[in-house]
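Next up: the structures, one after another.
Both complexes below contain chain A, partnered by chain B and then by chain C.
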Partner chain A sequence: MGRILFHVLVAAMLVFLLAPVILVIPMSFSADRVLMWPPSGFSLKWYAQIANERGLIEAARNSLVLAVIVTAATLAISLPAALAIDRWRFAGRDAILALLTAPLLLPTIVLALALLIIFVGYGLLGTWIGLMLAHMLVTLPYGIRVLSTSLSTLPASVEEAAASLGAPPSSVFRRITLPLMVPGLVATCAIVFLVSFDEVVISLFLVGPQLTTLPVALFRYVESRTDPLVAAVSTLLVVFSLAIVLVLDRAVGLRRAVGK
Partner chain B sequence: MTEAHLVLDHLEKRFGAGPPAVASLSLDVRKGELLGLLGPSGCGKTTTLRMIGGLAEATAGHILVGGRDVTTLPPHKRDMGIVFQNYALFPHMDVAGNVAFGLEMRKRPKAEVRERVERALEMVHLQGLGHRKPRELSGGQQQRVALARALVIEPSILLLDEPLSNLDAKLRDEMRTEIRDIQQRLGITTIFVTHDQVEALAMCDRIAVMRAGLLEQVGTPYEIYETPATPFVADFVGRINRIDGERDGNGEIVAGPFRLRAAKPGRAGKVTVMVRPHRIHVATDAIGPEWNSATGTIRRATYVGDVLACEVDCGGATLTVERHTHPGLPIPRGGEAVTLAWRVSDTLAFDRPAALSADAP
Partner chain C sequence: MPIASRIALALLLPALLVNMAVFLLPMGNLALLSFRQANEGGALLEGITLATWAKMFGDIFYAELVRDSVVIALAITGLTLLCSYPIALFIHRAPDRWKNMLVVMCISPLLVSAVVRTYGWMVILGDGGIIAAFLRWLGMVKAPRMVFNTTGVVVGLTEILMPYMILALIAGFGRLNTSLEEAAASLGAKPFTVFRRVVLPLTLPGIMLGCLLAFVLAVSSFITPKLLGGGRVFLLATEIYDQAIVTLNWPVAAALSIVVLVIFGFALTLYGRLARAVA
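== the complex of A and B ==
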């Protein structure tokens, strides 16, 4: 009885969470000129139309490049940070971990406004470096969290065993710690990439006429036009994200990596 | 007697404020000896092992191996093989990879590594399993891999941290003999941490009993069992009856309902008397100056196959008495009156106020 109720509850939550995403897919095959439900006919014309939208394609390329750079940079910072936080007992360790996680607790709009005010003074608006720094503010907490979880589930005795067998610290890290962290590293990459690729609020404040990201470009598009092209783009994005997550899950077991 | 191979000299470990986890521990371990560190959890035995292996820093004192001070050496320079309680195998490497790791770190040529790994696996009866992953092995097999991995580097000292505690009872007995065999064959100096007194008695050349960071007694299994230095050792190693009493100037002890003589003379004053259950005889005519005796009624008899245990109420004190069984042995019923007798030489007496310090036995 309790089990059935539980399953019903889970199903209801899934429907609630997925309904908007699922609704977008039939709408993307609409033959209508405006977004409406239900579509009066189906076609692939809006997918074909994407190719003509230079702005969107440019923005998508920017987002992709930005997400890759942000992922690499986040990994480069959060791996040593997670190692230090997990392995060393130093004064203010908990405070630093809390501070690094703090950006997640602030409303994004507050963060975005603060960044806007700061970036104006340094001429960082509409620049790659500005967007990269802003995205990393949000992705670093994820990176450090996932990597320190991954590290803390790694039994210390395995590394100690390696050391006792004659491995200096650098060898222990290369031969033992790093290989055992692979699931965590892959999960970090996936999460950070998707967070950056998907980021809209902060980007909205910081992009410029020369440099915009896909979510922002889509947002602008919807402001002025109401045709089903956005549904087609959204469907492609859903498929893209889903593919990343599925491949990762197959490769390393995402659930294990996030350390449920 | 050969010279000490491992010397612990006033070794101390403190974690923050409070009493030290290990306090001024001094111990000599001879070459080829298997020394057990025995004690309840939290007594500092694992911390001591970790300090020897370089996994925990000593707050004070020195560790010497073959005369060389290794106190501040990092673990990878200590040349010690460690077998962990949870085995700590490398999950991403196969069995052969695990065993080869130490040799690779020593930059041995490939052919030599392969040959020595093979020999090590043979030694622990795992030949042919080199390509398995640790998670595909049973607990006992993982244990053997851990042992092979630690031994293949031919370390100067082998450290075993409760290596048998995760195995089931039958396998534990088997591994006990096997580890002891290998240790003696290789003649490797070994420190064996355990909380299991049977394990310690069965395997070790000498046992160091620890309690709350302090060394209570060091001795052979026989010495530890027959002449415990403190009530704690007597109580921790084997089962024992305990009665508080007082010794008069003639050496006679009045403890509860008993008037007793103890194995060793001592000062007059408060004492704790201890006697092992299986050293007490039931309904014998063994009476004389070398015997202590008492009368009582049986409160409960428990038959567990090889042993019959009786609780005997002696009017103010209860003694547990054990005897080996044989076919036809009558199982006494509750309420039966019995006469008990045990040798004066089996009667241990400890001065009570001073009993907690680790004086000479």
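== the complex of A and C ==
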């Protein structure tokens, strides 16, 4: 009796947890002009409507481009940093790691305000370079953490063997270390891409009339009106995120990629 | 400096430079800014002053803002724990091949942006939403308003924070072992006694970690209170945004940010104390 009650409770809580994500999908096929449950009929008109929303499409393109740039820049900067942290025992190593990952511990609203105030002075509001730097504030900690975890799980013996056979450090890195790191690199790219693509609070403070991102555009849309259009966009986004995760899982295996 | 340290420093330099430009410098500047003062139009006045802090301490609105934020965040933390604990316990006891799938299912909402999940709650809680439709079907003429007020914010944030809480709970459940529960039961303990005397104490580390995480995320959350609160729920994060973007009073926004960080500090200290006391 107690067991059944417990299982019913667990099921109810799981429904509560998954409801908002799942219910957005049937809502996106609504034929109504406003959010209404149950929808009076089903149609694809809100998906068709997305094509007319110039602002949203432009914002989606910006987000995609920004996420790619941020991913490349984060990888370029966090790979050497992760190498230094994992391979050398130097004074202040722990302090530097703490400093580099500290932004993740602070509330994004505070980071966003701090960036806004600095960026105004340098004319970086609503610019690509400003948004890129701001996103890197939150993506670098992820990059450094995931890459140094991935480095620390590599078998050192393989590198030592290559070096003892006369390979110079640069070719050991290029021919041995880098290929072994591929799962970690793929995981880093996926995490950084999704974090940047999803980032909303910091972007909200820093976008301008000329340059906005998809999460910010969606936030503004939901703030001003609630119709099924956002449900259609959300459904596409859920499919998009799932696709990235599935590709990642196929390519390297999710558990291996996260270093567990 | 030994050569190894020099190589390490060179490799770290780009990361440190970016960190300085977008973290250390802006955060230092933010702390200083709370000791400046702005006029009505938002222009900063010359000189270092405590006027902004004095104004905040003298204004009952800010005291209520901090109190409301902390109370609502605590309520959300408690609810998140209540909703997540059964799930975490179920996952902890599940056989291994189910465990992975259940964990992935519970953290999958994290893949969906907070804007979208908040919008999902509007679909459920809104005036034309599912719950209103259900209440009408039950015969209720006028369904209670569940969005654009504190109820909406609490429900939405509870759900949004559940994945974090579930992960923290599972991570802290390591010491819980079914054989201990069976031993207690075989010695004649009633199910509730087993829970109170065996399960609860053993899962306390996970509970504390999850509550810390949920509290700091709730007290600083912005998107959900802004959208589901509809401008009628005033919390620290929404006020920081309004002061920074609408009123353009940066010193007040900076001071409120410091207040959020102080609350973070308190929560961390309390967690540290409790964790030591339990261990």
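By definition in this document, the second predicted complex is superposed on the first by the 243 of 260 C-alpha atoms of A that agree within 3 Å, B and C clash if a C-alpha of one lies under 4 Å from a C-alpha of the other, contacts with A are read in each partner's own complex, and residues count from 1 in each chain.
Quick note on the criterion: a contact is a pair of C-beta atoms (placed from the backbone, for glycine too) under 8 Å apart; a residue touches a chain by one contact, two chains touch by 3 or more.
What you see is a predicted model, and the numbers here were worked out from it, not measured in a lab.
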| item | value |
| --- | --- |
| Superposition on chain A - do chain B and chain C clash or fit | fit |
| Touching partner for A:189 - first (chain B), second (chain C), both, neither | neither |
| Partner chain(s) touched by A:207 [first = chain B, second = chain C, both, neither] | neither |
| Partner chain(s) touched by A:245 [first = chain B, second = chain C, both, neither] | second |
| Contacts of A:78 with chain B and chain C, given as first, second, both or neither | second |
| Touched partner set for A:146, first chain B, second chain C, both or neither | neither |
| Inter-centroid angle chain B-chain A-chain C after superposition on A [Cα, multiple of 10°] | 100 |
| First (chain B), second (chain C), both or neither touched by A:23 | second |
| First (chain B), second (chain C), both or neither touched by A:56 | neither |
| Comparing the two partners chain B and chain C, which touches a greater set of residues in chain A | C |
| Touching partner for A:70 - first (chain B), second (chain C), both, neither | neither |
| Smallest distance from any CA atom of chain C to any CA atom of chain B, in Å, after fitting | 13 |
| Residues of chain B touching chain A in the complex | 53-55, 74-82, 84-86, 88-92, 101-102, 105-106, 146, 149-150, 153, 159 |
| Partner chain B, residues of chain A touching it in the complex | 155, 157-158, 160-169, 171-172, 175-176, 179-180 |
| For the chain C and chain A complex, residues of the former touching the latter | 4-5, 7-9, 11-12, 14-16, 18-19, 21-27, 29-30, 33, 83-84, 86-87, 90, 100, 105-106, 108-109, 111-124, 126, 128-130, 132-133, 156, 159, 162-163, 191, 216, 220, 222-223, 226-227, 237, 240-241, 244-245, 250, 253-254, 257, 260-261, 264 |
| Complex contact set, residues of chain A against chain C | 2, 6-7, 9-10, 13-14, 16-21, 23-24, 27, 34-38, 76-78, 80-81, 83-85, 87-88, 90-91, 93, 96, 99-100, 102-103, 106-111, 113-118, 133-134, 136-137, 140, 144, 194, 198, 200-201, 204-205, 215, 218-219, 222-223, 226, 230-231, 234, 237-238, 241-242, 245, 255 |
